[in-house]
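What follows is a pair of complexes built around chain A, which joins chain B in one and chain C in the other.
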Partner chain A sequence: MHKTPLLDQLESGPYPSFVKDLKRLAAKKPQVNDLLGQLERSYKEKITHWKHGGIVGVLGYGSGIIGRYSDLPDEFPGLEHFHTMRINHPSGWFYTTQAIREVCDIWDQYGSGILNMHGATGDLVLLGTTTDNLEPCFQALAHKGWDIGGSGSAMRSPSCCVGPARCEWAMFDTLEACYECTQHFQFDLHRPSFPYKYKLKFSGCPNDCVAAVARADQSHIGVWRDDIKIDQSAVKAYDGGELKPRGGATPYAKLDVKADVVDLCPTGCMSWDGKTLKIDNKNCNHCMHCINMMPQALKPGSERGVTILMGSHAPILEGAQMSWVIVPFMEVEPPFDNIKELTERIIEWWAENGKNRERVGELILRLGMRTFLEAVGLPPVPQSVIRPRANPFFYWKQEDFDAEAAGKKYYTTK
Partner chain B sequence: MAERITDIGPPHYGKFLSPVIKENYGKWVSHEIIEPGILKHVAESGAEIYSVRVASPRILTTLQARDICEVADKYCGGYLRFTSRHNFELLVSDKAKLEPLKAELAKRGMPKGGTGHSITNIVHTQGWIHCHTPAIDASGVVKSVMDDLFEYFGSHRLPAQVRISLACCLNMCGAVHCSDIAILGVHRTPPKVNHDRLRHLCEIPTTISACPTGAIRPHPDKSLKSVTVNEERCMYCGNCYTMCPAMPLFDPKKGGVALLVGGKVSNAKSPPMFSRLAVPWIPNNPPRWPEVVQTIRKILIKYAEGANKYERVAEWIERIGWEKFFEVCDIPFTYQHIDDYKWAYDTYRTSMHFKF
Partner chain C sequence: MALAKAELVEYLYKMVEAAQGKKQLKAMDLQKAVLKEHPDQDKNMIKMAIKELIDSGRCVYTYFGGSFIEIPHVEGAAKH
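For the complex of A and B:
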């Protein structure tokens, strides 16, 4: 076993230790021993010892495998090849122990036995195998019902929140939407042919538990557009302290309905006179705060759908973007054909116009929102901006003049 | 040989749902968090499910995964799930099993928590354990910070939830840019061009166009078939290295940690916000990163003391003003804090609304 005096210091402490866990496996797997040895070296030298990835994969796929090679293969022969396999996770990251054990059995046979549960995009990540083992490992997994996820300039494995499986706030079936879209875009997920990556995420409500607004090129967030349902007796129970704020998630013993709910409402659309809670629903911006505070008294309305937002990505390269609203409300139901069709239109436009490694959000900024909206057939809506432009530099197109001549107020879509 | 299977996609989640979840799918009416780490959901039918949330370092061996399975078999019929912050949840339908489960988790060193007004698991990236571009490690920093803040994992004592994330370089595959506290590995050295390798490994036009500041130019000596870097323009994003392996920018001494704070994803009260630079550089100091740990603790304590009820870090800072944040947390304000990248102007103050 390699000596790891620096890493050994991470074995103590109350939070689960990855070093302790890896050491257990290192006794059985020489490559894990080498991994600890190389990691110790990085801790000493403060530098990575992984080389820039190479192109490896399984037959017929261009994505899902990340080539990884050590720059110290003579010292750590077990890491000469140590590739990553991304396995597309099930919606909502639900498993049975039988399913996890099947994956473990296969990974013990063909790989290092190290997993990430899960990767940042959502995949079940298998860390560390050789080029020769990629194809047999893939097929062993496939025969148990698993497939490889996305990487590179491809559709990435879509992900979603826990949704209707275990949450009362799911405004649509996030798990099925995620599954349906994943299946629909299998070809694009496995064969990179886009300008860059494309991520779909599905959050059931504006609490956005999968950070769709920050991390998905196309974000789907559940929303309602009618009235919040109020159980006045439960509101009183919160006011009286019988029910705990946020279902008991806080340090506070009692909810002050006026100070903690009504006064913190961002639109000021609520009132409480000590007996009745009133909500001016026409002015609610469905932020979820009041519902979060009183989950047993307030429920989202019944007219439910999704808001579609576009364009988020991390700072590389023009600076981080968050997704912005392009469709304020869309009714959806399985098999989610309207989401699939819109996604296809967007990707077609992006594939046609995007530069190499240009995210769709960056392309929309480069060519303009109008160009994008017209190309995918969406009308301009005030919900898509916080405020309109302040500058006077706007364009007029022939379509605008034609609409004007035809007596229409303004031009929207073709 | 068995038939080759491709493009089947992931298994349908329906195969993995417990009977209670299947029967009450879409029919949940409310929830409580009965103690830190244990959620109780109630359905229209009156059915209940208890989710016991447990810490995970995200990187798991098959041995640990099998241990988790053993617990799940014993207490919840083999049904479990993982969360978007890489914890796992044991889905218990029999309330009588909660106490013995808690005892077993404690015995196995599997802490429950991460619910409500807590610090839950730190979403993070690979770091030195498996990545070719990191400035810092990921798992080791996370372990060190979580050990230090452990009292906040299994309790609900903060004014609101605090989401900490870590990305080990500017590529941010952890997408930490909307976190209450973001730990970011940063390089501070321009790439060193290896002309011999570049000629064989890299496409010169894509390498040049990878640079967002136009710092990369064709090398004036055409026979080299390489590039030069205008070092004054480089802000060490590493995008050229992504495109061209002959341009590494690692430096054990200059690389380090930046902290960004005040981001959020949820729409509750205030809209989603980006995290913003709090500390531009902290030394990269394995194995326990004491300076990072102490700085995060300092920010967290000042937040916990200063925030109103239910206020997220971002909402607290926006209320008191960023100039007060730097004062309260005793963090020096530097040239690095003033944006000079592409969309800088919207961060400049154009009013008299500031504090001394």
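For the complex of A and C:
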């Protein structure tokens, strides 16, 4: 075993340690011992010893395998090849124990045994195998019904929250939407043909449990467009302490409806006089705070669909960007053809205009939201305005003058 | 005039071969180059022609800070 005095310190805290897990695995997998040794050396020298990328893959696919090599193969021979495999997860990450056992058995046979559940995109991440083992491992996984996920300049494995399977707030069937889009974009998931990565995420409600708004190039967030349903007697029960806030998931026994709900409403659209709760629904921005605090008193409306947002990404080296609303409300139902068609139009525009390694959100910033909306055939909407205009100049197009002459307030694509 | 499938496959292969070692081409670079010479070429047919090149093993996908299509070659990173 390699000596790892720096890594050993990570075992001393009160929390579970990956070092402890790796040491246990190293007893039967020599490459994991080398992994600990190389990591110790990196900690000491403050430099990585990994080489990344290259040519490795499985036949026919350009995604899902990430080449990793050690730059110290003589010292750590187990890491000469240490490739990563991404395996497409099921919608909502629902597994049977049998399915997980099968994956683990296959990975014990062909890889290092190190499994990360899950990567940032949502895939199961199998860490550490050799080039020779990639194809047989892929075949073994495929025979058990698994497929490789996305990587590189491709559609990444779409992901979603648990949705209607376990959550009362799901405004649409996130699981089915995720599955439908995964199947529809199979070609683009396995064969990189985009300027860079493209992530689809589906959250059932504005609580956004998959953090789509911060991480997905194209986010679909469940929303309602009519009024929040209020049970006034239940609001009084919360105010009187008969009902616990947040369904009991809080240390606080009693809710102060004014201080904890009304005064924290981000748009100030609520009022409470001690007897009646009023909501100015036109000014509600669907943040879900009030509903989360009083789930037995407030419920989302009945007209349900999705808000579609574009452009978020969280690069390590440059600044992160949050999503931008492009469709405030879209009715959706299986097989989600309207989402698929819009996604195809967006991807076509991005693939045509994007530079190498330029995410769609960066392209929208570079060419402008107006150009984007016109190209994909979406009307401009007030919800797309993220900040007041700072540039006093505006380039009028002939279509704008034509629209004005025809008595319209502004040019739209529809 | 649009190329037939077999001609298109060869056209793409020659493009990748000519660029090997000089410029890394993405799938979209290939598509744009084909459409410049043959504007009436069906985009889906170009995608399928690239797929055929990959499935046959004549070309491979590589990743070097982005995904490219290249002629199979000895893996540089795997060398000591």
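Rule of thumb we're sticking to: the second predicted complex is superposed on the first by the 394 of 414 C-alpha atoms of A that agree within 3 Å, B and C clash if a C-alpha of one lies under 4 Å from a C-alpha of the other, contacts with A are read in each partner's own complex, and residues count from 1 in each chain.
Throughout what follows, a contact is a pair of C-beta atoms (placed from the backbone, for glycine too) under 8 Å apart; a residue touches a chain by one contact, two chains touch by 3 or more.
Quick caveat, the model's predicted, so the values are computed rather than measured.
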* Asked: Which partner does A:His118 contact after superposing on A: first (chain B), second (chain C), both, neither?
  -> first
* Please work out whether A:Lys51 is in contact with chain B alone, chain C alone, both, or neither, and reply first, second, both or neither. => both
* Who wins on chain A residues touched, chain B or chain C? -> B
* Which holds for A:Tyr43: it touches chain B only (first), chain C only (second), both, or neither? -> first
* Who does A:Tyr95 touch here: chain B (first), chain C (second), both, or neither? -> first
* Is A:Glu168 contacted by the first partner chain B, the second partner chain C, both or neither? -> first
* Between chain B (first) and chain C (second), which does A:Ser193 come into contact with in this model arrangement: first, second, both, or neither? -> second
* Touch check for A:Ala154: first (chain B), second (chain C), both, or neither? -> second
* For A:Pro73, is the partner it touches chain B (first), chain C (second), both, or none of the two (neither)? -> second
* To do: Would you sort A:Gly222 into first (chain B), second (chain C), both or neither based on which partner it touches?
  => neither
* Residues of chain A that lie at the interface with chain B and also at the interface with chain C -> 51-53, 59-61, 187, 356-357
* For chain A, which residues are in contact with chain C within the complex? -> 51-57, 59-63, 66-67, 69, 73-74, 80-81, 131, 151-154, 187, 191-196, 351-352, 356-357
* Which residues, counting only chain A, touch chain B once they are in their complex? -> 6-7, 9-10, 12-19, 21-22, 24-25, 32, 35, 39, 42-43, 45-53, 59-61, 68, 82, 84, 87-101, 104, 107-108, 113-118, 120-121, 127-128, 139, 142-143, 145-147, 157, 159, 161-162, 164-168, 170, 173, 175, 179, 182-183, 186-187, 189-190, 206-211, 213-215, 244, 246-252, 259-260, 264, 266, 286-289, 292-293, 295-296, 299, 314-320, 322, 356-357
* Structure fact -> In the complex, chain C touches chain A at residues 26-28, 31, 47, 50-51, 54-55, 57, 60-67, 70, 72-73, 75-78, 80
* For chain B, which residues count as touching chain A in their complex? -> 2, 4-13, 15-17, 21, 25-26, 28-35, 41, 49, 51, 55-66, 68-70, 72-73, 78-84, 86, 88, 91, 109-111, 115-117, 123, 125-126, 128-134, 137, 139-140, 143-144, 146-147, 150, 153, 156-159, 167, 170-178, 206, 209-210, 212, 237, 239, 241, 245, 250, 252-253, 255, 265-270, 272, 274, 284, 286-288, 309-310, 341-343
